[in-house]
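For reference, the structure I am asking about is given below.
Per-chain numbering from 1; labels A, B and C assigned in written order.
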Amino acid sequence: MSLIEITEVRKSYGENEVLKGIDLDVAPGEVIAIIGKSGSGKSTLLRCINGLETINKGSISVAGAQLLDDEVHLKALRLKVGMIFQQFNLFPHLTVGGNVMLSQMVVKKTPKPEAETIARKMLERVGLAHKFDAYPDELSGGQQQRVAIARALAMQPIALLCDEITSALDPELVAEVLAVVRELAAEGMTLLMVTHEMKFARDVCSRVVFMHQGRVHEVGPPEEVFARPQTPELKQFLGLH
Amino acid sequence: MIEFTIWDILRNLLLATRWTIVLSFVSFLGGGIVGLGLLFLRISKRKSLRSLARYYIELFQGTPLLMQLFIAFFGLGLFGVDVPAWLAAGLALILWTAAFLGEIWRGCVEAVAKGQWEASASLGMGWLQQMRYVILPQAMKVAVPPTVGFSVQVIKGTALTSIIGFVELSKAGTVVTNATFQPFTVYGLVALIYFALCWPLSKSSQILERKLNVAHRNH
Amino acid sequence: MNYQFEFGWLLEYYPQIVKGIGITVQLIAVGAVAGISLGICCAWARALGPAWLKPVVAAYVELIRNTPFLIQLFFIFFGLPSLGLQLSELQAANIAMIVNLGAYSCEIIRAGIQATPRGQFEAGASLAMTRFETFRHVVLVPSLQRIWPALSSQVVIVMLGSAVVSQIAAEDLTFAANFIQSRTFRAFEAYIVSTIIYLVLAILLRQALAIVGGFIFPRRTAR
């Protein structure tokens, strides 16, 4: 049974149709890499799954939670999927610990001591337990992104959406973030990630989705997609890399 | 004719300054509360509420404070009540202050990065939770310098209430001038007293602003 | 409320209103042109001028920005004659507005100058321009363009503030409203009408300033 079901999803900004009917089913534990040219709609797709954008047509459901445009359904959905952003988006006025605890306390009403225990555990997982009391601006980009991952994990989501989470990092910091993601994948977390790290996609992902002009143009296991691209668009795209 | 020493003049002016301070304080506080309401209307999800707040702000920012005072003074009188000057003064200044503070604060809320809204939404927070725990704490930090700066405008604004007969520093200046025939000295002193009230606020606003900018650059 | 609104007096008193509008417009036109010019000079003095001039200008700016316009007006109109400087109501009102806007625009324009990239000054210098020539030909216009919206808002604020010149019997729009209310006892209507006129004037003034801006800054320069 699929964990995430995306059916016939269309999304337009005004006249500009950005997603032109996306179908994608994701099984539990799958790690999916979404690749494609700039403007092909990769970010928009992830943002739709998290309800940050409202879709015009089609349906999205995550573990039976339907994406509907009201606060109750949105919240139910967002409790199941976490999202990591390119720009980290940590809360600058809170400490690292505060960042990881906040939503547990205000959304899930977890009591503070328990939230703190979970926060410490999650920070441990990303190797940053010692930064509990630091503020985001005292951390490197790689560390900030790992905190963002811990923050999402603390909500105990069943899937994570990652939108180019290493693109804003200096090259030497990319590895530490990817190592965390690799570990999550190994532990069986369902991951949907937009990435330009082709080597990582090849090593870690179970399937690769190539998007082109608002459509899923090619899907397959990485060995096939990278070794034997079927369409000229994908060939050209891979040639660029 | 009685001779007035400069101390006589100054004492009378300072006594009236109390009322300038009280009125400023009340206007700022009241304006802050109403302004907060306006802010929430201005950034609400309902378009009609947003427009309502926008028209309010345009009206109060687009007409002279003096006219607002006149209308409060004579308009309330239409209800058959005899309006004391202090009431009209307080009411008009509160409504006027609210328009400016509401607009200043909206700017501060909108200055919070879009990513903060998205990150908190993706963690499942509702609008009120986002506001309370993520957006407002950040907006408030940015809001302090311009808010302190605007308090100077409020103090200066209270001078206009002398025109509808509220006795504060400016009115006292006119009264004392008429008694002493020393307009140069009296209005000079009045100006200096206003300066003594306003300048520390202006200066702290500037210093806070600079601190904030330095903090931002280090981020 | 049993109050009957009554606007019949408009017919009889519209010449006063028109005259009042004329004076208000004249005051802000002169105030804006002369005040902004004064502001440019002061901004130059504060940002790039000789060391002795800076504190003088700073004192002027701080003094004006931290005292009410009403008191500035009274000081000029009632206070200065004791120094032998007799002014008509309109002259006093004009001077007060110029002095007031001069101080505010000085601060605004100075911020624009300070936002100029260092490279612009250096480029000017490398082309053998003096500091003043660089200011005049390279720095000034982009600086003004940068802060034009803020400056426009300030001009509107000063126009609305000019309502108090009626207190020294300068015959502006507010003076007309006061005059009408004293004759007709229709205070509420008189002030509502003049408030609406002020609102329209403010909107028109903002548009006029945007047009002037488009005229002075015909093309978008890099920030």
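The criterion applied here is as follows: a contact is a pair of C-beta atoms (placed from the backbone, for glycine too) under 8 Å apart; a residue touches a chain by one contact, two chains touch by 3 or more.
What you see is a predicted model; the values in this text were computed from it and never measured.
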Pair of chains ranked first by number of touching C-beta pairs: B-C
Innermost chain, where centres are averages of C-alpha coordinates: B
Centroid comparison with subunit C (C-alpha atoms), farthest chain: A
Distance from subunit C to subunit B - Cα centre to Cα centre, in angstrom: 20
Inter-centroid spacing, subunit C versus subunit A (mean Cα positions, whole Å): 54
Centre-of-Cα separation between subunit B and subunit A, whole angstrom: 46
Sites on subunit C touched by subunit B in the complex: 1, 3, 62-63, 65-72, 74-75, 78-83, 156, 160-164, 167, 174, 177, 181, 187-188, 191-192, 194-195, 198-199, 202-203
Subunit B to subunit A touching residues, read off their complex: 113, 115-116, 118-127, 129, 133-134, 137-138, 141, 218-219
Complex contacts: residues of subunit A adjacent to subunit B: 47, 50-52, 71, 74-75, 78-79, 82-83, 85, 87-93, 102-103, 106-108, 137, 148, 151-152, 155
Contacting residues of subunit B [partner subunit C, same complex]: 59, 62-68, 70-71, 74-75, 77-80, 152, 156-157, 159-160, 162-163, 170, 173-174, 177, 182-184, 187-188, 190-191, 194-195, 198-199, 202
